Amino acid sequence: MTLALDLALCALILGVALAAVAGAGVFRAVIFFITYGLFVAIGWARLGAYDVALAEAAIGAGLTGVLLLAAHGRLRRMQADTTERRSPTLSAALAGGAIALALGWAWFALPAPQPPDVAQALPQTGVGNPVTAVLLNFRAWDTLLESIVLLAALLGVWMLARDADWNAPLGPRYHARPDGVLAYFGRFLPPIGLSFGVYLVWAGAESVGGAFQGGTVLAGVVLVAMMAQLLRPPRVSQAMLRAALVLGPGVFLLSGLAAVGLGREFLSLSPAIAKSAILIIEAALTISIAVTLALLVIGPAEDPEPGR
Amino acid sequence: MIFDLATYVLTALGLVFFTAGTVGLIRFPDTFSRLHALTKADNLGLGFIALGVAFQVESLAQIATLALIWALALLAAGTVAQLVARAALTTSQEDE
Amino acid sequence: MNLTVFALTGAALVGLGVYGLLALPHLLRRVIAFNLTGSGLFLFFGAAGARVGVLDAIPQALIITGIVVALSASALAVGLVVALARSSGKVVLPDEDPSP
Amino acid sequence: MTLWLHLVALGLLATLAGALWRVWRGPSQADRMMAAQLVGTGGVGVLIVLAALQDWALLVVALALALLSALAAVGFVKAQTPDGAGDPEEQSAHHGGQYHPAARQKDGAT
Amino acid sequence: MTALVVVVTLPLLAALAVLVLPERARVKLALGSVALGVLAALMLARAVWQDGAVLLTLGGWAPPLGIALRADGLAAALTLMSALVMAAVALAARFEMRTRRVGARAAFGFWPLMLLLWGALNAVYVSRDLFNLYVGIELLSLAAVALVALSGTAQALAAALRYMIFALAGSLLYLAGVVLSYAAHGTLDIGLLGERIPAHSDALALGLMTAGLLAKTALFPFHVWLPTAHAAAPAPASALLSALVPKASFLILIRLWFEAMPDLASPPAILMLAMLGAVAVIWGGILALVQKRLKLIVAYSTVAQLGYLFMVFPLAGGAGSAQPWSAGAWTGAMFHALSHGLAKAAMFLAAGICIAAVGSDRLGDLRGLARQLPMTSFAFALAAITLMGLPPSGGFTAKYLLMTSSFAAGQWPWALLLAGGGLLAAAYLYRPMAALFAREARVTARPIPRVWQAVPLALAALSILLGVLSATPFDLLQIARPEPAAEGL
């Protein structure tokens, strides 16, 4: 029975992906990609990777979807030229087929080694969720670099503003009818989203959740609030904004260096304080991730009416 | 035992509503009637599924979460349906 | 058996994504194809990590990191596509080779 | 009970496949988006059922999905308005609550 | 150990600080951090010199659970070279990336992006973990793409997008190999992978990772993105992109083929890599020969020069690794990476000065510029000497080492390639030099501050000095050099 369920799920995943790649029309591809994220999240749930399912649901089905929808809308309004050049379809199909076959073959050829024993070292990490332990303790350097990757992407997106728009607020000038359902939704959702996001960060230490998932939910809240015109889009020059962006990576880096100052290894957390240290780092990271992700989605500074 | 029975009945009902919604989505002739049929059906469907599953929970917090999920889905679906209908009204067109 | 289903789905997704990345001219669709490839790879990784019974925590953490990195890259790529369309009016890459 | 819940999940997935047909078929963007919305709701349903089957922690995933799929739909609505940042209600208010053919223009080209 | 921590964290901290501190502190802070960075790199090199490779297990968790950093001689040398290039670029950017010249947007963005790029480079140089390397090269690629797009023109955006597509495809291929490695061996650590029990999937994993890294290193036939991208960026950014960025992915290739999976370096695979390198040398040279813009000539020369690096595979890899000539070949290739980095950065910074002086980099517009910009033209000439591989430059030492090993190995075609590539470099670099040193002066150049002019000269001089004082870097590169593969015999 579980096999039937998994087969059906995988068939849906593949079908939706095929539709996103092969179907005509960009909008259709975008919508199929959004549903794709949803099915993959269910797939992760089936695999028992609940933290990944959460990340995929929040990012794959949520934020990436908004990002692509907004971009599609902009391209449509620009009436951009999509005249297609002939593409090397056959060689692309061969490359794709070859890599799929190679990976499929590898699956049956892979030995099954014993993975590193996370459970044994878990008591010294200060957290009960092994995924959080890996992210914030065992492989903290990855997570630190990753939070900086987000920042680099945001800087890159900011650099795409026109010079004349540089001092304008970021993203589109969202507006909504003050007594309309959108504004109502925008007022109703943030309290729930905010508490849920904070819950995810706090709960992530012991069960499903974590800074990235919580940060993504909070980014969604920020986006809804902006779209409902409850939150003004910031400008690049705002000091508070920049402080929020660097807070997480900064706290993470400095706490790692503090360990060096105390004569321990870089990024090490002594078991006695690990739990509180991780919560502080995660709280700071969550703020930065939420702000960075929301700003990544709304895009660079733009002046809707240039020349005014 | 009686709880299990409730789960069977309620989830089955939920499934029926979801199916009805999908059939409406496929069969109804125009965007607005599809929209209309859809929002009713999937909200009820999700509600029955959540209610059915609620008879299996281990703690009150889980019931609260289920209720929250349903409330959120209701609110989101209502808002979105209204907005999409408006958007379709003002900009409705064959796409691509 | 169930894991094999997921792993092979992942492999097929990677193939599909690579095809899309190479063959689709519309740049937004290439971004989608990139995301499909990445997530197929992660699915394969997840299935491989689950072979020891419960899912190994290290692949899960790596996949979460990978998802966030893929989102960052997608956001920058989408931004570039929109900026290119704004300044050149095109959503496909111009034929290359700059005038020498 | 386990068997039944599996069947429910399978049934839900089957109805979602039906909704996907509408995403494929369209014809309008609103049709596709609403069908995707149904897929989202159904996905939340599947996760709730899986929560009962596997682990109650999955309810958190269902909640996140419910929260963020609404976001995608709001993003869609925004992108549909003429300046990509408006509110359909506001728009119709501008036009006296009436359907206004002028807003129809230049949307055919995607 | 402290030096290693400073080397990896300082650029990142500086990038964060540049973002929060007010505008007037920005350049000062960047310059200060670069100066500190050179100092830290020197300290690291000294530590490696005195006590051998510096090892750091992050968080106190040894692999396979945690991530290890390790600075061997090669990593220390690359770190130092990068710090020097960064210092030069920062000094030049102080003049070139002013708000008055490039606008507030680019003047703001350049500094944090430069520092992030630097942080990514250092992280990649010393990381021993395949997935951590993935995150590192993603950071590197995103910062590099953003730098390419910095000027905001349609051309720059198209070049950035093309670069981005190659970089993304490369990352995915690399990641696929990483996934297979972990799935087969339960570890991501390069050292532990070196001691693994071989699995059937290893060849596929190595192949995927190599293909991805070749796309990022812009080896022929994946070079098509490089010239437009490097030419579209502002000159200080081009210097970073051309001199340093490809070295990071090349270093990962070295780690894979010499340390993680040396047993898989079969003769056909090695020959394939070397042949691609050889084609790159010839094809890049020919394309550089027909360009009319200075920056494009320099960019195509990068395509050609990167090809030499791959001579390391036939001469020091696989079965050759246990041979007496392998040390020379390996060191020669690494010498080439170092001297090319210094010389190429000098060339791009010189090109930036030319553009600032006459507003164009078409060769026809640069005629006779040597009279007005003698220091810059001389810097270009010195850098050209290194790229041609003439004595006494670092490029000469590199080619000498590679050539003697190819004779010792009896693989004379590579020696022929080295000589031919040198002649080709002389030919394509002759044209800009002939223009610069032409008798008639066509245009009047805007005055350029002497400090700015001195920057590329200093870098070019360093690339020559690398050859004159080659003994110390030679010995540094030998420290903790990958052991010959036992099975290669």
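In order of appearance the chains are A, B, C, D and E, and numbering begins at 1 in each one.
Keep this in mind: contacts are C-beta pairs under 8 Å (C-beta built on N, C-alpha and C of every residue); 3 or more make two chains touch, one makes a residue touch a chain.
Not measured: the values here are computed from a predicted model.
The minimum number of touch steps separating subunit A from subunit C is 1.
Chains that touch both subunit A and subunit B: D.
In this assembly, the chain whose C-alpha centre lies farthest from subunit C is B. Relative to subunit E, the chain whose mean Cα position lies farthest away is B.
Averaged C-alpha coordinates give centres for subunit B and subunit C that are 31 Å from one another. Mean C-alpha position of subunit C lies 27 Å from that of subunit E. Averaged C-alpha coordinates give centres for subunit C and subunit D that are 23 Å from one another.
With touch defined as above, residues shared between interfaces to two or more other chains in subunit E number as follows: 131, 135, 138, 142, 145-146, 149, 152, 157, 176, 183.
Within subunit B, the positions touching two or more other chains are listed as 68, 72, 75-76, 79, 82-83, 95-96.
Within subunit A, contacts with two or more other chains are made by residues 2, 25-28, 46, 48, 63, 72, 74, 99, 103, 110, 114-116, 118, 138-139, 142, 146, 149, 152-153, 156, 160, 162, 181-182, 185, 189, 192. By the definition given earlier, chain contacts exist for A-B, A-C, A-D, A-E, B-D, C-E. Across the complex, subunit A is touched by residues 1-20, 22-26, 28-29, 31-33, 35-36, 39-40, 42-44, 46-52, 54-58, 60-65, 67-69, 71-76, 78-83, 85-86, 89-92, 95 of subunit C. Taken in their complex, subunit A has these residues touching subunit E: 99, 102-103, 105-106, 109-111, 113-118, 121, 137-142, 145-146, 148-149, 151-153, 155-156, 158-163, 166-167, 236, 239, 242-243, 245-246, 249-250, 253, 256-257, 260, 264-269. Across the complex, subunit E meets subunit A through its residues 2, 5, 9, 12-13, 15-16, 19-20, 22, 56-61, 64-67, 103-106, 108-109, 112-113, 116, 119-120, 123, 129, 131-132, 135-136, 138-139, 142-143, 145-146, 149-150, 152, 157, 176, 180, 183-187, 197, 199-201, 204-205.
For subunit E in complex with subunit C, the touching residues are 131, 134-135, 138, 141-142, 145-146, 149, 152-155, 157-158, 160-162, 164-165, 168-169, 171-172, 175-176, 179, 182-183, 224, 227-228, 231, 287, 290-292, 296.
Taken together, the subunit A residues at the contact with subunit B in this complex read 24-28, 181-182, 184-185, 188-189, 192.
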